[in-house]
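Chain nomenclature is as follows: A, B, C and D, assigned in order of appearance, with residue numbering initiated at 1 for each chain independently.
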Amino acid sequence: MSAYSATEMLVCLAARQMRGRTAVFIGTGLPMLAAALAKRLYAPELLPVFEFGGIGSTLDRLPLGVGESRTFERAFAALGICDVMETAQRGLIGDGFLGGAQINAWGDLNTTVIGPHDRPKVRLPGSGGGNDVGSLCWRTIILMKHERQRFVEKLDFLTTPGYLGSARGRERAGLPRGTGPYRVVTDLGLFDFAPRTKRMRLIALNPGVKTADVVAATGFKLAVAPRVENNPPPTEPELTTLRESVDPQRIFLKQSA
Amino acid sequence: MLLQPPDPEGLRAWMRDHKDMTLTRKVMSESEAVRRFVREGDYVGFELYGTVRCPLSVVREIVRQGPRRLRLLGQGLMDVDFLVAAGLVEAMDITYVGYEAYGLSSVLRRAAEKDGLRLIEWSNAALAWRMKAAAMGLPFLPARSMLGTDTFKHSGARRMKDPYTGIELALLPALALDCGVIHVHRADVFGNCQLDGITGFALEMARASKRLIISAEQIIETEEILKRPEKTAIPFYLVDAVVHAPFGAHPGETCYLYRRDEGHISGYLAAARSAEGMKRYLDEWVYGVPDHAAYMRRVGESDLAKLAEEKGS
Amino acid sequence: MSAYSATEMLVCLAARQMRGRTAVFIGTGLPMLAAALAKRLYAPELLPVFEFGGIGSTLDRLPLGVGESRTFERAFAALGICDVMETAQRGLIGDGFLGGAQINAWGDLNTTVIGPHDRPKVRLPGSGGGNDVGSLCWRTIILMKHERQRFVEKLDFLTTPGYLGSARGRERAGLPRGTGPYRVVTDLGLFDFAPRTKRMRLIALNPGVKTADVVAATGFKLAVAPRVENNPPPTEPELTTLRESVDPQRIFLKQSA
Amino acid sequence: MLLQPPDPEGLRAWMRDHKDMTLTRKVMSESEAVRRFVREGDYVGFELYGTVRCPLSVVREIVRQGPRRLRLLGQGLMDVDFLVAAGLVEAMDITYVGYEAYGLSSVLRRAAEKDGLRLIEWSNAALAWRMKAAAMGLPFLPARSMLGTDTFKHSGARRMKDPYTGIELALLPALALDCGVIHVHRADVFGNCQLDGITGFALEMARASKRLIISAEQIIETEEILKRPEKTAIPFYLVDAVVHAPFGAHPGETCYLYRRDEGHISGYLAAARSAEGMKRYLDEWVYGVPDHAAYMRRVGESDLAKLAEEKGS
């Protein structure tokens, strides 16, 4: 087994969560890698959807942005943002990828500010399509670097809805029925949301990681599934595909998770 | 709280009084277009965004002319950075200002963290739908996004219960821009525009703009428009100015024509990290060139030719 | 002066009401003739708009329907119905043409039923784009055959809004400000709407027609302007253009007004 | 009162459970398409209308198979006439059923005046916007049309006051069709569709249909789709069946391909004047031919060729 980075582990683990026969809403960065890897190895029929209108790109070449020409390279359709977002609102987009600077126990995300909104310590980019993906896709897969200051009890700003702080939070807010975060994928492990509470729950550990490590790196009280699985490390085919085919210039791979 | 409140009746009267439904030649220099159609205090927006089919040559001209107290549609990269760094922006409806794979906008960070730039938060769909509402002549559009979040609380959206089904909805107020600027592949002298690839939010912005500047890679004969009327994405009567701007999106890409200039973008991002670096960049690439023709000469003909050659790579 | 038909008089009179520098929303039938005639003689810069998407047809050849290829022949754009209707709703369409089986004193129109709605004596086509044109264009020009059973005190069905039965009817209903019927053109004369009451008012008589004739052919109390003009008969250029260029096959001209 | 009440949650679940997001060959005969996707009691609609790019070959097949108690989008001519005269229509959301230059629909008159067909009234924009609302995943769209009229009273629309401006609005309930049928110029075997000329309400209906049958003049290679993705008006995942139907809009026109058959239309209108004549027409041109191929043979190859030849006349 080759040595691999935390980012590579994260991307491989994310790729393994993807279903083939669905449309997936892809944001910038690691989700692109995960989708491209999944499309090559696990889910060839995956339909990549980019928010500014690209439908069904081959992902043969990695786009650097969600509106670039590579997002509709050899694609079935080049539409616009309203059509794509309305397609999601109408229920046609199965999976969406999300990430953020902070996450809470309900999978709510912050990509807006660290510190107060009117005079932030760090101004982040803002929602972008994040809030829409988190509101409208059937299920979301959240990619995060696992650190205590990112897995927080209370978000500085709730940009994008997870389960909105309670089991019935989405319902109360009026978000589409039956939607919400499905998995959180981190460099430490894999998480789902407990059916009754909708709180994040450890279900599998990455190689070499212990439950106590995860708990220590989490700023809220983390639930642990009755049985915690072990995620296999990146396989040779995964690493080779990722490094040689998906991101040969290491544009995303060289970034930290 | 809204930076630009909905006013369908005002928009109707504006359209009646200002839009020219007859064929008029509208080709002009970027300098004339900006002088005539971008004014102090305007609410402005650009399409698509920063590195993708973005009318950056017009943005640079706006920076040079310097109309103040602009309110901005905050979907962008360099387009937003340039105007903010030049001190022209008073407030912004923001959805996403950042460099995607390349991280945060240093300019936005300084403006928000140090200078207290006023930012109203929206999702990407919400801003597009707000323009769509204006384009439809409506005061609002309902939506199922934004609900339950701080994004909603820091926006100017409201809620309502759908009378047919009881579903809770966000009501997004229509957003009509004082001036929109859109970069297209081809336009005729009257402003009939053709676009290739994804349409982003061009159709919505074109219809939601009180004044509309088109920046076009190529000026084509009207005969070409008449041959394929289904290819017209923006009809002439929506347009106030047509600026001929080959490589107008540089250092970004225009699909099928030229790829983005990675070297220039990296250099820009490095410069933008400090206020001084940003000032130097603007001095060199914006204030330091009189117009887009001079800008292209500064980039270099052979470099531009290379970007065109490598469009498919 | 050639002999001319009532229909020809009507079409010429309608054509003379059109402004050049505006977009005009054109329905099927006589409005197409009037618009084509106006574009050739009086308003070359008129922009013909058809509800299913045709923008700026030359009208060189007469369309038989509002969606036919001739509605976008050598046109600037071929869009869809939503774009056209939203363009009108946004205030870009100056003039619209309307017609109907019945009209009342406020220019309200019936194109739905004669008799009760649930068991009509005559079922008419329905609103089509009529209600939208009457609601959304800045001003409408109504073409009617002038008969007592068509100019009625009370419509069997109010399909399309004129001034909605009172001076402030449109305002109360919430229709866009500053809109409403501008002229009624008939085979007997020309009518406007009195500024204060918004009731129909005779302003000009067609050749050979007397005010008493018009009053007798009108089922509601007709106002008469302080000064009633005389409409000149169709001119030679009008008739020649109409017969030889606009509708050489007499598809519409052979119909009654 | 609504024939098809809005149900965005139900539509979402339908889309999730029934729409195939992967590439599947969907080319089939009109007979198979109608058998599988049009059912008794369905709410159905056709695009564009009667004499213009209308999927009449599929309409004729529906008449032959005869699913009953249909509810119909009432924007049409022969399309509506055929189904009504065949006794398959229970009720209709009507905006316009008539023959434009050629006057009233005799079939509609008999159905409404003698048989008491249930008709709900809408404006043309209202029906298009209702489909657009469904296409957007919303329960309604606001509009400034329909207000103050009997058309409004006999529709299922409601009113509301805009909370931002106080403007009175009509609320048009979303209309999702059980089955939509759209005629296009070109489709690939997966259902990616290209359209020329005006789009009518094809984009909205395609997105508002639970089941969607495409009738295409030509089946093209997917490679052609991939070359010009901006030309795809209807992406494959919206489509359930692709029926190859050259001259599928006969006796109507398909722009750039063939003109309408005036002789046939006049003959039809004369026949339709009486119930007996209408029956004879249906016997000859619908029931009396097993499929579209046989229909085309009955029209005659040379006559069809002539219509194609005269497309620009």
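Keep this in mind: a residue touches a chain if its C-beta (ideal position, glycine included) is under 8 Å from a C-beta of that chain, and two chains touch if they have at least 3 such contacts.
All values reported here derive from a predicted model rather than from experimental measurement.
Participant: Check every other chain and keep only those touching both subunit A and subunit D; list them.
Facilitator: Chains touching both subunit A and subunit D: B.
Participant: With contacts counted as defined, which of the two, A-B or B-C, has more C-beta pairs across the interface?
Facilitator: The comparison resolves to A-B.
Participant: Can you check how far apart subunit A and subunit B are, centre to centre, with Cα atoms defining each centre and the answer in Å?
Facilitator: Roughly 28 Å separates the two chain centres.
Participant: So how far apart, in whole Å, are subunit B and subunit C when each is placed at the average of its C-alpha atoms?
Facilitator: The answer is 40 Å.
Participant: Quick check: how many Å separate the C-alpha centres of subunit B and subunit D?
Facilitator: Centres of subunit B and subunit D (C-alpha means) sit 37 Å apart.
Participant: Can you work out the whole-Å distance between the CA centroids of subunit A and subunit C?
Facilitator: 58
Participant: If a residue has to touch 2 or more other chains to count, which residues of subunit D qualify?
Facilitator: 8-9, 137-138, 143-144, 167, 169, 197-199, 229-230
Participant: Among the residues of subunit A, which ones contact at least 2 other chains?
Facilitator: Only 54, 72, 78-79, 89, 136, 176 qualify.
Participant: Are the chains arranged, by touching, as a line, ring, star, complete graph, or other?
Facilitator: other
Participant: Go ahead and list every pair of chains that touch.
Facilitator: Touching chain pairs, listed by label, come out as A-B, A-D, B-C, B-D, C-D.
Participant: Enumerate the contact residues on subunit C facing subunit D in the complex.
Facilitator: Residues in contact with subunit D: 28-29, 50-54, 64-69, 71-72, 78-82, 85, 89, 108, 112-113, 117-132, 135-136, 155, 157-161, 164, 169-170, 172-176, 251-252, 255.
Participant: Any idea which subunit A residues touch subunit D in the complex?
Facilitator: 20-23, 45, 47, 54-56, 72, 74-79, 86-92, 94, 136, 138, 176-178
Participant: Hey, which residues of subunit B end up touching subunit D in the complex?
Facilitator: Residue list for subunit B touching subunit D: 5-9, 137-144, 158, 160, 162-165, 167, 169, 171, 173, 195-199, 229-230.
Participant: Which residues of subunit D touch subunit C in their complex?
Facilitator: 48-49, 51-53, 74, 94-98, 100-102, 104-105, 108-109, 111-113, 116, 119, 121-126, 128-129, 132, 143-151, 154, 159, 167-169, 197-204, 253, 255-256, 259-260, 311
Participant: What residues on subunit B touch subunit C, complex-wise?
Facilitator: 8-9, 11-16, 19-23, 134-138, 190, 192, 207, 225-226, 229-230, 232, 235-237
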